[in-house]
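Which chain is which? They are A, B, C and D, in the order written, and residues in each are numbered from 1.
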Amino acid sequence: MSAAVSAALVVAAFVLFACILAGMWRAIAGPSVEDRLTAFVLLGAGGAALFIVLAAISGLPALRDVAIVVIGLATIVAVVFTRRSVR
Amino acid sequence: MTVVAFSDVDVLDILVVLAVAVTAVLAVVIPRRVSATIAFLVFGLLLALLWARVAAPDVAIAEAALGGGVAGALLVDALHRRQPDSPQRSRRRTATVTAVGAVLGAVTVAALVTVLSRLTAEPADLGPLALEAVERSGVSHPITAVLLNFRNLDTLLEIAVVVFAAVGAAALSRDRIRPVSDPGPVRRVIAVVIVPALVLLAGWLLVAGTSEPGGAFQAGAVLGAALIIAHLCGVHAARAEGRRALAIVVTGLVAFIMLGAIGLAATGTWLALDLDWAFAAILAIETLLTVSIGMALAMLFLAAGSRDEGSVTDARARAAAAGGAP
Amino acid sequence: MVIVDIVVIVLLAVGVMFVVAGTVGLLRFPDLASRLHAVSKADVLGLGFIATALAIHILATEPGWAAVGVVAKLALIWILALIGTAANAHLMAGSRRRAEAERGTEA
Amino acid sequence: MTTLQLFLYAGAFILVLGVVATMLVRDLIRRLIALNVASGGVMLLLLALADRGDGEPDPVPQALVLTGIVVMAAVTGIAIVLARRVERLDDDLEEVEP
């Protein structure tokens, strides 16, 4: 791995992590429950991106499995929360 | 006291630990259930990240699968319940209790830190011993070897806990979450695409567990989440309730006990595995455990699901239904 | 080799930029619908660019069947993200719309 | 401060935070969340200890934590069922004697 690419990967990991933390603001500020849950659910995409970047940096291929689990289960919060509005 | 210096610590490690600590405080301090639950869900995601940093990808997969899956579903579902008003107590008494708790907590943390600072950075003896014995376990992934060969009594008892929790929850709760009759197009897509993908993922995690991170717990957690999603998206075949589900849940525990008896008959030691058939036995018992854990977790969710008559949302929904609104 | 590196870095930068744009939208947009619009599209597009960058990177550095497996996993992640995020946005928006309709009938 | 110490101290803090909150918080769901936070602290302690040294991480604490996570999910489920019954009982009592 060339130095430039590994540096870019590290920078990308930091920025993605910052995005996840920034998204928490919406989870706390709301105002509605949907807003808060949307913030968490859509952190799934950012979280998956962070995990695949970390897999490339750290040489732990299992982190890609973590990313698949995170993104695959991202729907469960929305499905459970909205189950009452289906009749 | 010396100035704290982070000379040889990765900056990302510091940031992740800080974020984990902050979300932990938020999850505990915020008075509204909704915000506390969201903070806890984010805490879970960050914990998975932290487990990746301490070289524990197995635990990271399990954390992502349970924290973001079944446990997240349980807590999010409880959001629909009306939060009971906190009992009126004098503000002064609350402040006193909180202050006493904070002081005692600070003292405990100081004591723990003092003890922990004496720890050497040398690894314990047990780890190398376990790593060395992996080749005699039948599988090549050390954690699976520990869970299903060296310390499989722990795993047996853990399965017993999960089975009893599922049976107990089903017995305690009178009503179950009903399956959705008309799921609508979005849920139908989820049922057709996401659910099979999750079941496939559970299978992959199960098989991968013999040689790399993964195994019955992670696969069971993903399968449980898949069953919950399927149930809420109108897949009737996947109902995790009634006698059939109970039989599947108990099968895992019974099979594990039988494996112990086979070990006793074949090798003279309870739960021991012979290297000749250890791989086959581990894979077989893991498959049963995956199904059993997944079904047990889904049963827990269906029993814990609230259909509270007193809840605001339900009252509103009933009023809307009575008024003929969609 | 150098060209591959440049391609990887550029794709990575574009992907991260989209994720940042989605996050800014989540924080700055005024209501749920526009926040959903910003995040469900931009974040997933960003994830796609990042996954493409990592796929090219792994194919260039460690060619072989293992790399093909990694690329398949990255593709699976992106497909799951496309479907899952779209479904989430629909469910959340629908839930909010119904809640508002009910509030309307009550008033 | 080394990475090990950073993780250990953070684990101790999160553990005590969760335990204290479990005892002080009155709302049952929030108390359950506090208990889960405490378990996160314990897991951080164990996993940081497992990752001591330069070699491969110690698989025994990692297996322990894996068991703990699954047990914690089961505990959370049954605690939510119990919390629901307790709350319904409280509501009934309030109706009888307002």
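For this structure, a couple of remarks:
As a working rule, a contact is a pair of C-beta atoms (placed from the backbone, for glycine too) under 8 Å apart; a residue touches a chain by one contact, two chains touch by 3 or more.
All values reported here derive from a predicted model rather than from experimental measurement.
The two chains most heavily joined by C-beta contacts are B-D. Chain centres here are Cα averages; for subunit B and subunit C they lie 26 Å apart.
Spacing of subunit A relative to subunit C, judged by their CA centroids, is 9 angstrom.
Here the spacing of subunit B and subunit D, counted between their Cα centres, is 11 Å.
We define each chain's centre as the mean of its Cα atoms; on that basis subunit C and subunit D are separated by 31 Å. In subunit D, no residue touches two or more other chains.
The set of subunit B residues touching two or more other chains comprises 55, 58, 187, 190, 194, 197, 317. Counting only residues that touch two or more partner chains, subunit C has 76, 80, 84, 87, 91, 94, 98.
Interface note: chains touch in the pairs A-B, A-C, B-C, B-D. In the complex of the two chains, the subunit D residues touching subunit B come out as 1-10, 12-21, 23-27, 29-30, 32-34, 36-37, 40-41, 43-45, 47-53, 55-60, 62-67, 69-78, 80-85, 87-88, 90-91. Interface residues of subunit B, counted against subunit A in their complex, comprise 12, 15-16, 19, 23, 26, 30, 34-35, 38-39, 41-42, 45-46, 48-49, 52, 55, 57-58, 60-61, 64-65, 68-69, 72-73, 76-77, 79-80, 177, 180-184, 187, 190, 194, 197-198, 201, 205, 208, 212-214, 218, 222, 225, 228-229, 232-233, 313-314, 317, 321. On the subunit B side of its complex with subunit C, the touching residues are 186-187, 189-190, 193-194, 197, 316-317, 319-320, 323, 325-326.
Listed in rising order, the residues of subunit C touching subunit A in the complex are 1, 5, 8-9, 12-13, 15-16, 19-20, 22-23, 26-27, 32, 35-36, 39-40, 43-44, 46-47, 50-51, 54, 57-58, 61, 70, 73-74, 76-77, 80-81, 84-85, 87-89, 91-92, 94-96, 98-99.
By the touch rule above, subunit B contacts subunit D in their complex via residues 4-6, 8-10, 13-14, 17, 20-21, 24-25, 27-29, 31, 33, 36-37, 40, 43, 47, 50-51, 54-56, 58-59, 62-63, 66, 70-71, 74-75, 78, 81, 83-84, 86-87, 97-98, 101-102, 104-105, 108-109, 112-113, 116-117, 119-124, 126-128, 130-131, 142-143, 145-147, 151, 154-155, 158, 161-162, 165-166, 168-169, 172-173, 215, 217, 220-221, 293, 296-297, 300-301, 303-304, 306, 308, 310.
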